[in-house]
Each structure stands twice: as structure tokens, then as C-alpha cells.
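Below, each structure is written out as C-alpha cells.
After this come two complexes, each holding chain A, first together with chain B and then together with chain C.
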Partner chain A sequence: MSNILKKEREVVIPGECLAEGMDYLPGDNTYREGEKIFSKVLGLVGVAGRVMKITPLSGPYLPRTGDKIIAKVFDITMSGWRFQTNTAYSAMMNVKDASSRFIKRDEDLSQILSIGDYAVVKITKVTSQNLIDLTMKEPGMHKISGGRLVKINSQKVPRIIGKQGSMISLIKEKTGCNITVGQNGIVWIKGEADKELLAEKAVKMIQERSHEAGLTDKMEKFLSGGASQ
Partner chain B sequence: MTYTERVDGRKFDELRPMEAKAGVIPNADGSALVKIGKTTAYAAVYGPRELFPRFKQNPKTGIVRCHYGMMPFSGSGERIRPGNSRRSQEIAMVMEKSLKVMIDLSAFPNAVVDIYVDLPQTDAGTRCAAISAASIALADAGIPMKDMISSVAVGEVDGTVLADLSYDEEAYDAIVSDIPVAMTHNTKEITLLQMDGEITKENLMKSLEMASVATDKVYELQMKALKDKFSRE
Partner chain C sequence: MISNKETIAQLAKEGKRIDGRGLMDYRQPIQLETNISWTAEGSAKVQIGETVVMAGVKLAIEKPYNDTSDQGGIMINAELLPLSSPEYESGPPGIKAIELARVTDRGIREAKAIDMKKLCITPGEKAWFVIIDIVTINDAGNLFDAASLAALTALKAAKFPEVDPETGAINYKKKTDQGLPLLKEPLAVTIYKINGQLIVDPTTQEEHSYDARLTVASDEKGTISALQKGGELPLTIEEVGKMVDIALEKAKFLRAEVDKVVK
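Up next, the complex of A and B:
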């Protein structure tokens, strides 16, 4: 005898019972105690076959291999750069991962990336202690110059991008801005000054109203109708 | 002589009017407001973030730090000197101990979660309001935790067991005991138990049972505060 106690996409708080019985399995952000499965974070219930999981509504960014993030250089060492990643952990990028061109032994590394610079980088490795390795060698990775940076909750990043990038391409198309969304919740917007402002407003609006349905249509109206709402 | 009618006319097991809201401080990662009677607590949670000084870092798990502060004119008595005091240090410590048992920071080694609770208006039961608010703020910040912690004070005034004592009752001219209790919701485990005054063994057991019912009411409020934040308008 097993049954699910919560509806799909229902908001639950930590410690709420999701399902009873051994027929269901605890997935992401849940745990089993005795015969019951409980939630571990504030989020939305998801049922995938026999697995109960929770999609968090808030919370810190967890670095993952392969993620594209936007990070800030805060130190230069003998062999590379140290980055702030908008998490509790700093990341390291080795000289050999910085550029496809040859970097000489005695070259001044601050000429390539100096302290305070932001860059779009990719995570190549994360250890159990959350030590992060980065690379800038892959296509699309570059140093950031100009434009503006917007910090959002990292759990809202998928919403900003939308299904198959529908939301982000909508904003790009309507504002003509160049937008890069880092998985760590930092968004880079570059374009004409007033359009940048509009894109920033749009991004912040998606963050605030992320749990609403039909958001892409609402955003289309917002971006077409100028500054209404 | 017994205490047959409460100073503010409440029933013996009735709590003061409560109010709670999640997400009240935009700059914090998670925040909450809890009002219970004339006590108001604001809690703000930051992190997980890098922990300094470095010798406090624990490579096996993240840690929790608490701050508790009563504002200068928050009480009904004299001005309270702002900043750290013996009392605020003690309360911050018991808060930390009562909250950390349910928080799971194993995914954040060497990091810290900071909880700041400040009280602009107080009238007894501040540490309980602080713990209840901190628990909402932690959930709002998306910190993984096994269960919510709800807290309320119980006690005895002149032989009568009561829930949620007000300041007038704590200062009642008779034998009074004030027992702040914090409990988890699912298992009803006690994570905070302190006492001021004296009480008989029978009445202590009775008041703990009352606390179990009273914390449930606080839990309902905490749940409502968190769900309201995400309800569709």
C-alpha cells in the first residue's frame, strides 16, 4: 500500500511528507525515514515514475561540471587566475586553459585577465570539497567588456532561458542586446543603453514572476508595449 | 491563591495573536518576520558563503552562525545597550544549537550560513520568536533541512500551566516558571529547553505536552508564510 500525498507542482516546505510506502523512491532534495519520504527544501513536487523529487524555488548555486558561468578574477597566481563564482567557493583557471595561443613563461598574466575582470568560463572539474577548475578555451568563452551585469537567483536561470531558449531569444530579439546567462545566476547584457535597461527589467521581472504560467507571452507583451506595467 | 484568569484574558493554552511573512528583506538570501503578541522578530539568512576566519572552517560540513539582538528601546524597561551582551551571546548560542540539528550542510564543506535575528519590539518570548523566524528564513533561503523548527514558551504562573507567557505574566508576583521550548514538527523532538523559576515535575510534564500542541500552531503559521510567498495572485 503506497500512495502519494502531494500533487505534482505543489509547493512544499522542508519536512513535509510526500509519499508513504516503499513503492516510491526518494529523489533529489528528499529523504526517506521509515516508510515515508520527506521534502528537504522549499520547492515544487515532481513525480518521475516511482521517484519523488523536489525542484527548489530558492537556494544556492551548486557548481557542476560543464556549466557555463560568469566569474570575476580576484587574484593572479604563478600558474593562473583565481575567480569568484557567486558561491562559497573560489575557482581556479590554469594558464594553459586561458587561451588557445601560446603563453610564454615570463608573460604578464594581468595583460590577459586582470584583477576585477569578468569572464564567461566553463567548469571543467568540481571535487567533493567543491574546488572548481575552469577553462576559457572553448568556443563562446571570453573576457567581458562593457555592458552590464545583473545578479539573479541561480534557481531561476532555467526560467530566464526558457524552453529551448525561447525566453532568452525573445528578449534578445526584442531588445537587440547581446545576453549571456551564467548558470551561477549572473547575467551579462550588452547593447544600446536604453535597451540594456529594458532587458535588465525583463530579466528581473522573470525572476520575480517565475512561478506564473504563460510567462513568455506576458514578456512578449511587456517588451513590445515598451515600459507599460 | 491560584492564577485563574490570565492578565490579557487569554485561555490557558491560547497563544498571543501571531503573524508571519517570508521574504521581507530583499538583500538577504532568505528572510522572515514573526510577530507574536507585542514581540517582533526579523530574521535574515545569508549564505552558504565563504567562512572567515579560516580556522573555523570545517572541511567535512558547512557550519551555522547566529546573531541575536534586541534593539535599544525594544523592551518596556530601560534602554538596552546595543551590541553584544552576555544574554545575547547565550541566546545566539542556544538558537544555533536548536537550529543546526535539522540543517544539512554536508554539500557545503568549509562554508557558513549566517543567521541574523533582530528584534525591534519585545515583550517576552523573544528567543522563541527568533527561532521560529530563523526557521522560516532558512527555508526561504533554500537551505536543505530535514524539518522545520517551531518554538514557543510555556510555563507556570502560581500553580497554573500556561502557554506563551507575556511579560506581565513572567513578572507576576508569585512562583513563576518560564520554559522556552523548540521542537521539530514530524518527530516532536525537543531542540531547545531552558527554564527560569521553579515548577513541579507533574506541571513540567503537563507544560511540555502543552508545548507540543502550541508548537504545532506555530508550525501552521510558518507553513502558511512560506506558501503564501509562492501562491499565484
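Up next, the complex of A and C:
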């Protein structure tokens, strides 16, 4: 005897029972206690076959290998830079990962990235002790200059990007801005001043209304007319 | 905390702001609410955009100070609650909280806004003391103006509690119709200078990027009662003049908001 107690896309809080019986399996952000499956987080229920999972609505960013993030330099050491990553842990970038060119031994590292600078970087490694290693060597990684940074809930990043990047390319196309979304919830927007503002509003709006259906169409209207608040 | 310092400075040069407002525009909505606390003699909640500040007025009978034995007193305290911004921690007040309290205090005290002599009950023995507590609920910038607005609104809304004529004990549960003896209504307006431009009502990001600021407290007749300069860079005489003009004009605008909720 197994049955699901919550519907697909229903909002649940931590500790709420999602399903009873051993026929269902606990997936992401859920746990089993006895014969019941409970939610670990505030989020939306998802049922994929026999697996119960939760798409979180809030919560911190957890660093993962391969993520592209936007981070801030807060220290320069002998061998590289230390970054704030919008997580509880700081990250390290070695000199050899900063640039594809040769960096001389006595070179001033603050000429490349100084304290307070932001950069688009990629996480190469996260250890079990949550030590994060970064690289700036890959294509698309660079120091940020100009434009504006916006902080959003990192759980909404997939919604900002959209299916196959549909949402982000819509905003890029309508505003003509250059937009980079870091997985850690920091978004960089660069373009004309008033278009930057429109793009920022759009990003904030998606964050607030991420649970609504047909959001891409609504955003298209908002960006074209600017009226549908 | 993201501050976008360079972009704010660049936009200021072009006469623009990062959130698309005009240089002299306050954020909307500006909302004031009185009597939010029934334990205080007067209280107010002020919202400017996303910034929310609450102020409460308590009235107590105490012995007057020796040098002003025929007068009451005023005390203003501000607390930056940790819930209002990730920058604030609990514990003893820091430099920002002390400055906020003192700037608000000076604006009211030096304007001689409250008739201190009328607060005296028996010279040298008993006088009313006005204690204003300001707490920040959300700091999204411009706490100076919000705190001053909240303090004035709370003062205007305050009513004396009943006093037992025989024992002299205060019954805080019952309020009389009598309000505080207000002579003037001082309000502070803070003008920020960023990259040569003057702006009002900064957001948190703009507060991280300013060169200099000047808080101007003035009463309804346009008499200046207090000034406070902040920031690392200097101001020219012309700039101070311009800032005062802006402050007087914006104080009028804010005073109209106060008059909407308390007479």
C-alpha cells in the first residue's frame, strides 16, 4: 500500500510528508523515515516515476565542480588570489590558473586582479572540506569591468536562464545587454544605462515570479511594452 | 555586499542613477503610520521605498539636571537591528548607530523643538523626560532621513499618560489628550555627493559609493538647526549652499507627508 500525499508542483515546507510506503524513493532534498518520505526544504514537489524530489525555493548556493560563478577578490597571497564566492566558504585561484600567458615570478598580481575586483570564474574542484579551487583560463572567463552586478536567489538561477537558455537570450535580445549569470546567484549586466536597468528589473521580476507558468511569454510582453507589471 | 561603485560614479557624471530615479527623487512609497505601539506614549513607522524605521516616544518623570533645574530633558537612542541589514551585528551600538542617534537628537534638540520649561513639574525635583527610541526594521539606505521623519512623527503623535494627583505615580495604561509642547517641527534631509553630483535618498549601494554627505535639519520656517558632514572628501562653499537649498525644499515635501498623518 503506497500512495503519494502531495501533488506535482505543490509547495511543501521542511518536515512535510510527501509519500507513504516503500514503493516510492526519496530523491533530492527529501529523506525517508520509517515508511514515509519527508521534505528537507521549502520547495515544489516533483514526481519522476517512483522518485519523489523537491525543487527548492530558497536556500544557499552550494559550490559544485564545473559551475561558472561570479566571485570577488578579497585577498592576494604569494601564489594566487582568494575569492568570496557568495557561499560560506572562500575559494582559491592559483597564479597558473589566472591567465594563459606566462606570469613572471616577481610580477605584481594586483595588476591582473586587485582586491575588490569581480571575475567570472569556473570551479575546478571542491574538496570534502569545502576548499574551492577556481580557474580563469577557460573561454568565457574574465575580469569584470563596468556594468552592474545584481544579487539574486541562487535557487532561481535555472529560471533566469530558462530552458536551453530561452529566458536569458530573450532578455539579451530585447535589451541588447551582455548578461552573465553565475551559478552562485550573482548576475552581471552590461549595456546602455537604461537598458541595463530594464534587464535588472526583468531579472528581479523572474526571481519574484519564478513559480508562475508561462513566464517567458509574460517577460516578452514586459520587455516589449514595459507595461505589464 | 555588492556596491557597483564604478557604475554609480559613472552614471552620476551623466546625471543618472543606478535605479533609474532622478537625482532629486525620493523613493516611493513614502508611508507613515502612527500609534503602532500601545505601550509607547507616541510611536511611528516610516517607510521610504524599502527602508523601514520605527520610532517610539516614552515619557518619564525624573529629577531635572542640576544646571537646568527648571527644565525637562530629551534623550534619543538608535539601534541598528541585525535583522535590518547583513552588515549589522547585535551588541553595543557601533559608530553608525551612534551617529544616527546623535544627528537625529541634535536636529530636534538644537531647534529647541520641545518647550523644555513646560516639561518641568516642580523645579529641581520633578520634570518630564522625553525618551525617543529609534529602531531600524530594514535598511535599504537613507536611515538619517527616515529616522528623523519617524522621530518627528512619533513626537507629534505622543500624548502624556495620566498621573495620579495624590501619589504622583504615572498610569501608563491611560493616556490624556494632552500632546507634547512642540514649538517647532525639525526634519533632517541628507544630501549625498557622488562624483560631483548631488543626490537625495540614496540606496544602500549609493551609500557605499559617496564622496561626501551633508545632513541639514530645518524647521517649518526654514531655520537650520543642525548640520552634519560625513564622507572622506571635502565640500566647496557653493556645494554647501546648494545642499542647504535642496534640503529646505525636500524638508517641505517630507513635512507634507507628516501632516497627512498627524496634525
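Going forward, the second predicted complex is superposed on the first by the 227 of 229 C-alpha atoms of A that agree within 3 Å, B and C clash if a C-alpha of one lies under 4 Å from a C-alpha of the other, contacts with A are read in each partner's own complex, and residues count from 1 in each chain.
Here is the rule we go by: a contact is a pair of C-beta atoms (placed from the backbone, for glycine too) under 8 Å apart; a residue touches a chain by one contact, two chains touch by 3 or more.
Please read these numbers as outputs of a predicted model, since none were measured by experiment.
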Superpose on chain A as described above, then tell me if chain B and chain C fit or clash.
fit
Check the residue A:Val150 against both partner chains and state whether it touches chain B (first), chain C (second), both, or neither.
second
Touching A:Met141 in the superposition: chain B (first), chain C (second), both, neither?
neither
Have a look and say if chain B or chain C is in touch with more residues of chain A.
B
Report for A:Ile186: first if it touches chain B alone, second if chain C alone, otherwise both or neither.
second
First, second, both or neither for A:Val47, with chain B first and chain C second
neither
Chain B versus chain C as contact partner of A:Ile13, first or second or both or neither
first
Cα-centre angle that chain B and chain C span when viewed from chain A, reported as a multiple of 10 degrees
50
First (chain B), second (chain C), both or neither: which does A:Leu197 touch?
second
Superposed, chain B and chain C have a smallest C-alpha gap in Å of 5
Residues on chain A touched by both chain B and chain C none
Quick one: in the complex, what on chain A touches chain C?
145-151, 186, 193-194, 197
With touch defined as at the start, can you tell me which chain C residues reach chain A in the complex?
2, 4, 6-7, 10-11, 14, 16, 18-20
The chain A residues in contact with chain B across the complex are 11, 13-17, 29, 31, 33, 38, 40-43, 56-60, 62, 87-90, 128-130, 155, 211-212
In the complex, go through chain B and note every residue touching chain A.
29-30, 47-51, 59, 62, 102, 104, 107-112, 139-148, 184-186, 222-223, 226-227, 230-232
